[in-house]
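Sharing a structure with you now.
Per-chain numbering from 1; labels A, B, C, D and E assigned in written order.
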Amino acid sequence: MYDFNFAPVFDSFGSLLVGAWLTVQMSCIAMVVGLILSIFGAVGKTSGPKPVRIAINVYIEVIRNTPFLIQLYFFFFALPALGLRLGPNQAALLALVVNFGAYGTEIMRAGVASVGHGNIEAAKTVGLNFFQTLRYVILKPAMRAVYPALTSQFIYLMLASSVVSVISATDLAAAGNDLQSQTFASFEVYIVITAMYFAMSLAFSGVFALIGKYAFSYPVNR
Amino acid sequence: MSSQPVPTVQLAPELAIEMTQIEKWYGAFQVLHGVDLTVAAGERIVICGPSGSGKSTLIRCINQLEAIQKGSIKVNGTVLDKNAKTVPLDIGMVFQQFNLFPHMTVLENCVLGPVKALKVSKEEATQTAREYLKRVRIPEQADKYPAQLSGGQQQRVAIARALCMRPRIMLFDEPTSALDPEMVKEVLDTMIDLAQDGMTMICVTHEMGFARAVADRVIFMDHGQIVEENSPELFFGNPQHERTKNFLGQIA
Amino acid sequence: MSSQPVPTVQLAPELAIEMTQIEKWYGAFQVLHGVDLTVAAGERIVICGPSGSGKSTLIRCINQLEAIQKGSIKVNGTVLDKNAKTVPLDIGMVFQQFNLFPHMTVLENCVLGPVKALKVSKEEATQTAREYLKRVRIPEQADKYPAQLSGGQQQRVAIARALCMRPRIMLFDEPTSALDPEMVKEVLDTMIDLAQDGMTMICVTHEMGFARAVADRVIFMDHGQIVEENSPELFFGNPQHERTKNFLGQIA
Amino acid sequence: AELANIKDAGVINIGVLIDFPPYGIMNENNEPDGYDATVAKMFADDIGVELNLIPVTGPNRIPYLLSGQVDVLVSSLAITPARAEQVDFSNPYAAIRIGIMAEADLDISSADDLDGVSVAVARASGQDATITEIAPEGTVIRRFDDDVSAVQALLSGQVQAIGASNTVMAQIRHVAPGQFDEKFTLNQFRLAIAVTPDAPELLAYANAFLARVTESGALNEVHMQWLDEPLPDFTE
Amino acid sequence: MIREFGPNEIIYITLAIRYTILLSLIAFAGGAVGGLIIALMRVSQNKYRRWFAVAFIRVFQGTPLLMQLFLAYFGMAILGFPIDPWTAASFALILHAAAFLGEIWRGCIEAVPSGQHEAARVVGLGYVNRMRHVVLPQAMRIALGPTTGFLVQLIKATSLASIIGFTELTRAGQIISNATFQPFMVISLVAALYFVLCWPLSKLASNMEHKFNQATTR
């Protein structure tokens, strides 16, 4: 039987916390920026001119049908050849934004579609233009309709970010891997970082529930 | 200012709406077949007819929610641009399904258009909104959300919201047919009240009581055409067309 | 078989439903306040009253869609078990929103209950279903899907589906209020037709024409109580309570 | 597992790398091959059991051994004190030199010069351990999952230097001639067979086996075959 | 020692797709069964079943699949239950898929209007018949789109099984790129292969969602 020894892991717990903090930061930034991207993507895909629609479609299909790992490689190793050199954490962040943007666009599109056509017509009859309608009439109900989908996509993204260590980004999984290669206490490290990811996803679920309660708490029928 | 010509006194009654030879297709299906309709300012018109006859389509064409393929529409003397993306601001509309914005309070619903589209100050818009809410007899509901109101109250909010834009013409598309019997009365009372003000009104409805009480003219549509057109007394008392007679027989 | 007692001839009319002192809460909100209602076999009852007065709740209690907290319900002489998970099979129900199964044809909708719950053979159930579809005058729609039918046709399928279970009691919850004016008539005709057969019927509706034509008794509910109960003539002609008068005044 | 269990089972599971040429490669038939695999083969034959080669990676090879998924590692594992606390090492069967390679015009000649320089290494490798230990505070160590990613980081300009073995450095010279050169040697590592701490007999057997094949010249022959140079002298 | 990136290498990578497909199929088949059970428990009247389902979903949606795979394979072994990689990968992927599918399908079951449950009860159907003939067939239509969508994610997620020694598509790519030092050629090929595998499914999913939306909006 293997002798568990968590002491070396907890001795270096600080380094894991630093990694976890980076994971949280990267995920949050990716979510906010990705969400903005998603909103424009969704609107572009629903009512943009044809070339825009095609471009958005290509973007969505390419990102959704290739592994995140490969997208990471691309942003880190291939972009320098195109003249854009990003550090590992920046490249990871960019990959996360681009990835979340693709999924988010599809989700937001469903949200926009769920806002009744009647509401959009009503907005027209009180004289609102396209952007006003989007901003004041569509956005909030659309977000409310797809809020669960958006938040679970975010959690999925945060967990998927555990592969960014392959391009030497320094997130929680990377901190765990480094600690592992120093102490060789692989199982202890993996158990601890799994628990940390779990704690983070629970915490985020809680925060999202709270945000949902306040931001989207208007009553609806049925 | 003084260099401008003094407006001439109008002899003929001013025309609110002039529709000439309107034709409208959905794809290959023709919904409106050369409809002509003229509505004087201050006139109150009721449109009825069987389901699918094109009533909704007709009034939606008036405020540009639907594009027409042929014919022309003049609103308050101006010809509507067929390619315009916005609706004419002096036409208010009340939908069958209310279409209130669910994430805004009653007051926010009423204030949105005036503030964003008419660029009225927030204070002024709020004051106007409160007046109209009083007018439709639900001033105390101002801070509730639509879902917290009964159907009749929601429809009255929709009316107030349309009025806040201070339109000269109001369109109603079966405003009471989504309501419980008791709530129908509340809304009809509100509408009768408005009619007394001399506002131009076009209302799609099957409520004969309402038609009798306020309509200057009743229009019967079938298959995308205006089949019969008369004063309420003559329309209900002595319908001319076979189709009208049949229809009245069934909804009675 | 011969050892069983010969059924005695009943002197008093057999009771289809006996509700005694029904109380029902949704959480802290009491919907029904000690309702008593007795319906004889073959009797036809119309229930009306303002929205939220508990009409739907009352008839949903009869077939166990809602559990009651106090009182007892006897159906055809048997006391209903408060904790039963299934509904009594000799009660049929027709909903306001039809609630047809959208993934099944009309025929499949009608056959499902008899085959799965009554264990009737498929052939027999199909034959019965076709008869009832003829009865509600849509035999030719048997192989269509609900979405392909008009509202009136859908509601008639719902009636046929309920009849296929060969219930002794039929409950209708505002069966025509989701329909267009023209389709209301189709469904009411079907129901009047059924009433002539002597089936026990309880119907929540505001269609006075229907009430006048078939009801033995009209019941008026308000705030979870039966306020007035009378023959249709007296009920409409000479309502006793202030509340009833008001209500009738508004829906007229 | 202990030697007796392996003999009973009639088969030995040996973990080898397949992404570390020429020690561990995937051959034309897409089977694990290379110096390590050949040594593993000799070892299994010596015990007289069937050989089951299991491909492992740098980061996961020790979990493979400790969890019993392999009996023995012949996976270019360098002897380090930290590892020796987790696994038992045999006597060495190969040696490897690791050094720092960097852009030709970068002026560095010792560990102290690494201050402010970004260095790529394969995570959990000997060079990772060494650089982590000796590099000054300001060194930016970028850890990748394997050597090829580290090399790619160097080639694409994401890092200025790389810590790698002599064989990897040879490959860099091959793909980017003249662009990079070796600045200094970091460390000499002796590579050993690793077993779990609870298998002393297996360990003893492995040492005896290595002594035998070194003595007979068989190991040297294999080393010549894969590395083009004779087996180094481990006694120094 | 450097291999050229030639036909042999392309074939090697392309053939590795069979592990990707096999792993996906196992995960999906097992996950479908588990997901249905979890979904039904999640909408059950019994609160302990509901709690179990919620906890299950929380744990397996709340931790990275990579860690689940690692702990299933190496973790079970050090606890004294050594299992082969197939068992470990199946275990982890199935639990992962069951949690996600359970959650997706719960939503679909709840999307079937309560009027349907009631109408089914009124024609005398018990729980099993109600679910089998009325609720699940309707839920299935709603579920087809999101389910296929998840399948795409699952196919890509099987690449994580390389941590426990599977030479599936991604790992095969790594091996060849290590041997040939041609990472860009390899990555492009691997990405293209994933795209070929996933894109038809994505298309199918969006077509079905589109159809469903049309069917429900009259």
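Methods note: a contact is a pair of C-beta atoms (placed from the backbone, for glycine too) under 8 Å apart; a residue touches a chain by one contact, two chains touch by 3 or more.
According to UniProt, the chain labels map to these proteins: A = ABC transporter permease; B, C = Glutamine ABC transporter ATP-binding protein; E = Amino acid ABC transporter permease.
The model shown is predicted, which means the values in this text are computed figures rather than measured ones.
Within the contact network of the assembly, the step distance from chain B to chain D comes to 2. Considering the contact criterion stated above, the chains in touch with chain C and with chain D alike are E. Distance between Cα centroids is largest for the pairing of chain E with B. A rotation of 175° superposes the C-alpha trace of chain B on that of chain C, rounded to the nearest 5. Chain A and chain D have Cα centroids lying 38 Å from one another. Taking the mean of the C-alpha atoms as each chain's centre, chain A and chain B sit 46 Å apart. Between chain A and chain E, the centres computed from C-alpha atoms are 19 Å apart. As a whole-number value, the distance joining the C-alpha centres of chain B and chain E reads 53 Å.
Chain A has residues 2, 77-78, 186-187 in contact with two or more other chains. The set of chain E residues that touch two or more partner chains comprises 70, 74-75, 78, 183. Two chains count as a pair here when they touch; such pairs are A-B, A-D, A-E, B-C, C-E, D-E. Listing the residues of chain D that touch chain A in their complex gives 59-60, 62-63, 66-67, 82-83, 85-87, 120, 123-124, 128-129, 132, 142-145, 149, 152-153, 156-158. Residues of chain A that touch chain D in their complex: 2, 76-78, 80-81, 85, 87-88, 165-168, 174, 177-178, 180-187. Taken together, the chain E residues at the contact with chain C in this complex read 113, 115-116, 118-127, 129, 133-134, 137-138, 141, 215, 218.
By the touch rule above, chain E contacts chain D in their complex via residues 1-3, 8, 12, 70, 73-75, 77-78, 82, 163-165, 167, 174-179, 181, 183. Interface residues of chain D, counted against chain E in their complex, comprise 18-22, 25-26, 28, 30, 54-56, 60, 63-64, 66-69, 146-149, 151-152, 167, 171, 174-175.
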